[in-house]
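Chain nomenclature is as follows: A, B, C and D, assigned in order of appearance, with residue numbering initiated at 1 for each chain independently.
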Amino acid sequence: MLDVARIRADFPILGETVNGRPLVYLDSAATSQKPRQVLQAEYDFLTHANAAVHRGAHTLAAEATDLFEDARATVAGFVGAPAEQLVWTSGATMGLNLLGYAIGNATAGRGGADSASLALRPGDEIVTTAIEHHANLIPWQELAARTGATLRHVPARADGTLDLDAAGDLIGPRTRVVAFTHVSNVLGIVNPVAELVALAAEVGAITVMDACQSAPHLPLDLAALGVDFAVFSGHKMLGPYGVGGLYGRAERLEALPPFLTGGSMITTVTLDSAEYLPPPQRFEAGTQPVGPAIGLAAAVRYLDEVGLDRIHAHEQALAARMRAGLIEIPGIRLLGDADAERVGLWAFDVDGVHAHDAGQFLDDRGIAVRVGHHCAAPLHRQYGITASVRASVALYNTADEVDELVDAVRGIRAYFGVES
Amino acid sequence: MLDVARIRADFPILGETVNGRPLVYLDSAATSQKPRQVLQAEYDFLTHANAAVHRGAHTLAAEATDLFEDARATVAGFVGAPAEQLVWTSGATMGLNLLGYAIGNATAGRGGADSASLALRPGDEIVTTAIEHHANLIPWQELAARTGATLRHVPARADGTLDLDAAGDLIGPRTRVVAFTHVSNVLGIVNPVAELVALAAEVGAITVMDACQSAPHLPLDLAALGVDFAVFSGHKMLGPYGVGGLYGRAERLEALPPFLTGGSMITTVTLDSAEYLPPPQRFEAGTQPVGPAIGLAAAVRYLDEVGLDRIHAHEQALAARMRAGLIEIPGIRLLGDADAERVGLWAFDVDGVHAHDAGQFLDDRGIAVRVGHHCAAPLHRQYGITASVRASVALYNTADEVDELVDAVRGIRAYFGVES
Amino acid sequence: MSELDTLYRELILDHSKHPQHFGLAEAEGAHATSHQKNPVCGDEITLRARVDTDGETIRDVTWEGSGCSISQASASMLSELVEGQTRTEAATLIEGFREALRSRGQIELDEDVYGDAAALTGVSKFSARVKCAMLAWVALEDALARA
Amino acid sequence: MSELDTLYRELILDHSKHPQHFGLAEAEGAHATSHQKNPVCGDEITLRARVDTDGETIRDVTWEGSGCSISQASASMLSELVEGQTRTEAATLIEGFREALRSRGQIELDEDVYGDAAALTGVSKFSARVKCAMLAWVALEDALARA
């Protein structure tokens, strides 16, 4: 069991009131709140050791470099990776774009000899899924458009689970990339990574996993999962804005041409050409988000101290309680109500009331949920709606908060005059 | 005159000691220190109003969105631009890569009808200069390599000033992009922007200005300077890591195809294609560095309150004092010692002593300077060296600190046994 | 009246449930149409109108769309309001409406001028909803610019 | 001795001013060469060596390069040290050297084992300079791997 009261005391914002009611923050899937320890770590760094890293010989710079590289090792360890296989990014969106553009660059003949293995030819296929966040969809659309490759999609069944039979048919000898999310930010279902990785391995395709919604909620061992690449965002896992991670298997990272270019990622530069450092530096052009990286290291230390197993159990219990309450309410339809392993979020549709209005009603009671398509418009279209309400929990949420949500949801349709 | 003592009190790190000596921080051109007000602004936001912006209907999200957009207006105003012409980036390197890739995308036929105006054809020329930071050089090398355009360079004279006659010859009908730095991070010289803009305008080329080293040190009015695009980094201007700005003239931004793709930059998304929002959102895929942006707004408010005119005067006085001291020392050669307007930095070479050793000697006295090629390897090659020592000041530096530097530099060659 | 009730006035819920001028008229030569979208929540509105042969008077405002009650009610109220007004009057109304909605509760909409749409005054205190209320008005502005 | 003097021992300054084995030998078939670079400060070292016909003994270590006194002295000291050693001995020396330099002042280099190069012990407390001292050693490691 988690000592949630003690945890809450570390998150100053949870004491806020909204419209005169205590804040009930159920929007952690959009962005999590940050504990004191994270803010303090960044503050301490900026007031005691801040200096340009990897570039200076002075004491402060050496100290800053050590702290920055320690942060890399800490965050890498948290996701089951050696330090040198973790590239800092500004967030998951950036990490996925990095992959799309770097593969595009390989296709354009940039990079070293082994980069050719990543080049796409017209007719090659990129496979993603029907449930992706736009960040794991549009970069692949653009890569396909630039290279002449074809984009295909693993369909989702009505209950939100991926159709693995269809995936088996789709993934074939022309497949070069298989990009999928570990956990959908709308459905909360943990996808069958092992099966997808096996299908991709059979045809030698690169796997790219979006770990945004799993990293803060499940014990994560990327090396064991066997994916080639994975991305996550700091701000969703108790960390600061402006930092995220890209994990890559050593030989895949090594083969990848640079994406962003500039300072600190080169060995030799003349006016007309440049040679590039090995990973991870090759992908870290310019000044890195040093403060945010140090903050993120404090965040994963915090998560580790509480324990991901316990966090997962706590959040699953809250999700189960939420489901039990919501399915009793007339006119509420849960999206992705499958019998599957999941994280602590539910998106739902309120019959006869637009999600925006439902969200406003909840906000009036101090309850912060997300409304809209949650950057997964195609998935909402599949459910015949343009928007839904999503309530998502984190380690700092309580059963009482879940009950308050359920209670409030019960009042929505009456308020808007929709008969049940 | 600046009340430097009062300013210093706002920067907690300036009270640190290094090797038992009070820290003399002369490396602000690499990264500046951050005042309490900036740290506090970010802290207040994260502990009172943090939520996902542009995406939620709940009160916290609305508050966060307002603060985030207010920050945009503040930072835009600081550089002389309307809010909607400022795109958030993770830093200057990212902003320059955004331009390189977006122009590449236009060349590949992406973007709207007016994007075609930005497309490059083989034989087209991109002009940059011999004094650029790698961040304003390698992205153009890569763009040239991907599109078949040719990269050319405005040479620098021995005193570090740009050779405008040569620029006049170089910039011609085939020139499509002219990219130059406002102030070199090695030479400190303010470049002739008006002349370069006029040369580019004559042939209809796009101008891209790197304002990294001017934004924190000079009053900046990008609209008045007439450049098409400009970039700067938050961490060099008293702001947090992980945020920067890209300014664009309205019609140029409008013509530019997207670079990073993902959430929050689209209107309609299907599984196979997407339509994009107008600027600035078109260029802001995924979660933005909200905390850092709010911190950066506090930083520019701080700079504005002190006054850029007064800051510039103070820093110029320190630079003049530094020059007067250094040129008296045998074996010291200043790079870019031209009779030109400049900011407060000097790079120099110590005859017979490697820059790394010189920097170590200064560090022993608590003086933090930068040593190396400062991400401008070609420029150092032109001076026949691979590395130099650079001392750079900011508003919080004092005349005493400059004197300490000069004093210490006087001892370098003797320590390393080099006769003068 | 609770905060929430100042947003969801009875009149707004009425209009959203019984939208006026709903259902797009057949497009003829004289009609101008505008499609507007709020990308965050997927609200969409298509609005159509024509300007009379006098070159001034707005006629036959119809619309279609889906979205939250604020955006739907606003389209309904707007259509009633501007039917028969001149371009210039409509432009003034739109400007005034925009200003009031962006005023964060500082400016009230006058019922004598805005009719039922004055009930949207309360939206200005909910900055995340201003776009919803503006959607139809932006569509009309856009349509008139092309009519 | 000041902190700085623990870094810049007399011996280091001597070697950097009078580098031993400096000047690359002509490359013959049996020679292996490695070029290493520290991208931050532009230090460069090219080191060449050959392994005797016994397949073990290191001979004719020469080098060339430019950089700070630490990197130059380290190359000079290393060349003296490994001349005539076996591959295995050199590998052990390199490993021990790397460990000591990364120890942040915890591990001392034994003068009986490392000769003049033991004077580089002080570098381990200056983490930004560890790369400088390692440069030649990495070059030797790389060259031997190909010899």
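Keep in mind that, in the parts below, contacts are C-beta pairs under 8 Å (C-beta built on N, C-alpha and C of every residue); 3 or more make two chains touch, one makes a residue touch a chain.
What you are looking at is a predicted structure, and each value in this text was computed from that prediction instead of being measured.
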Of B-D and B-C, whichever chain pair has more C-beta contact pairs: B-D
Chain located farthest away, centre of chain B as origin (C-alpha): C
Centre-of-Cα separation between chain D and chain B, whole angstrom: 38
Computed distance of Cα centres, chain D from chain A, in Å: 45
Geometric centre distance via CA averages, chain B-chain A, whole Å: 30
Contacts with two or more other chains, residues of chain C listed in rising order: 40-41, 126, 129
Contacts with two or more other chains, residues of chain A listed in rising order: 19, 55-58, 61, 266, 268, 356, 360, 371-372, 377
Pairwise touch network: line, ring, star, complete, or other: other
Chain A to chain C touching residues, read off their complex: 19, 354-357, 360-361, 364, 371-373, 377, 380, 386-387, 415-417
Residue ranges of chain C touching chain B (in the complex, touch as defined): 37, 39-41, 126-129
In the complex, chain B residues that touch chain A: 12-13, 16, 18-19, 23, 25, 27, 30-31, 33-34, 39, 43, 46-52, 55-61, 90-94, 96-97, 101, 105, 108, 110, 130, 133-135, 137-139, 141-142, 145-146, 151, 153, 233, 235, 240-243, 258-264, 266, 268-274, 285-292, 356, 359-360, 362-363, 367-372, 375, 377-378, 381
List of chain B residues in touch with chain C within their complex: 54-58, 61-62, 65-66, 266-268, 277
Partner chain B, residues of chain D touching it in the complex: 2-4, 7-8, 13, 17, 40-44, 66-70, 126, 129, 132
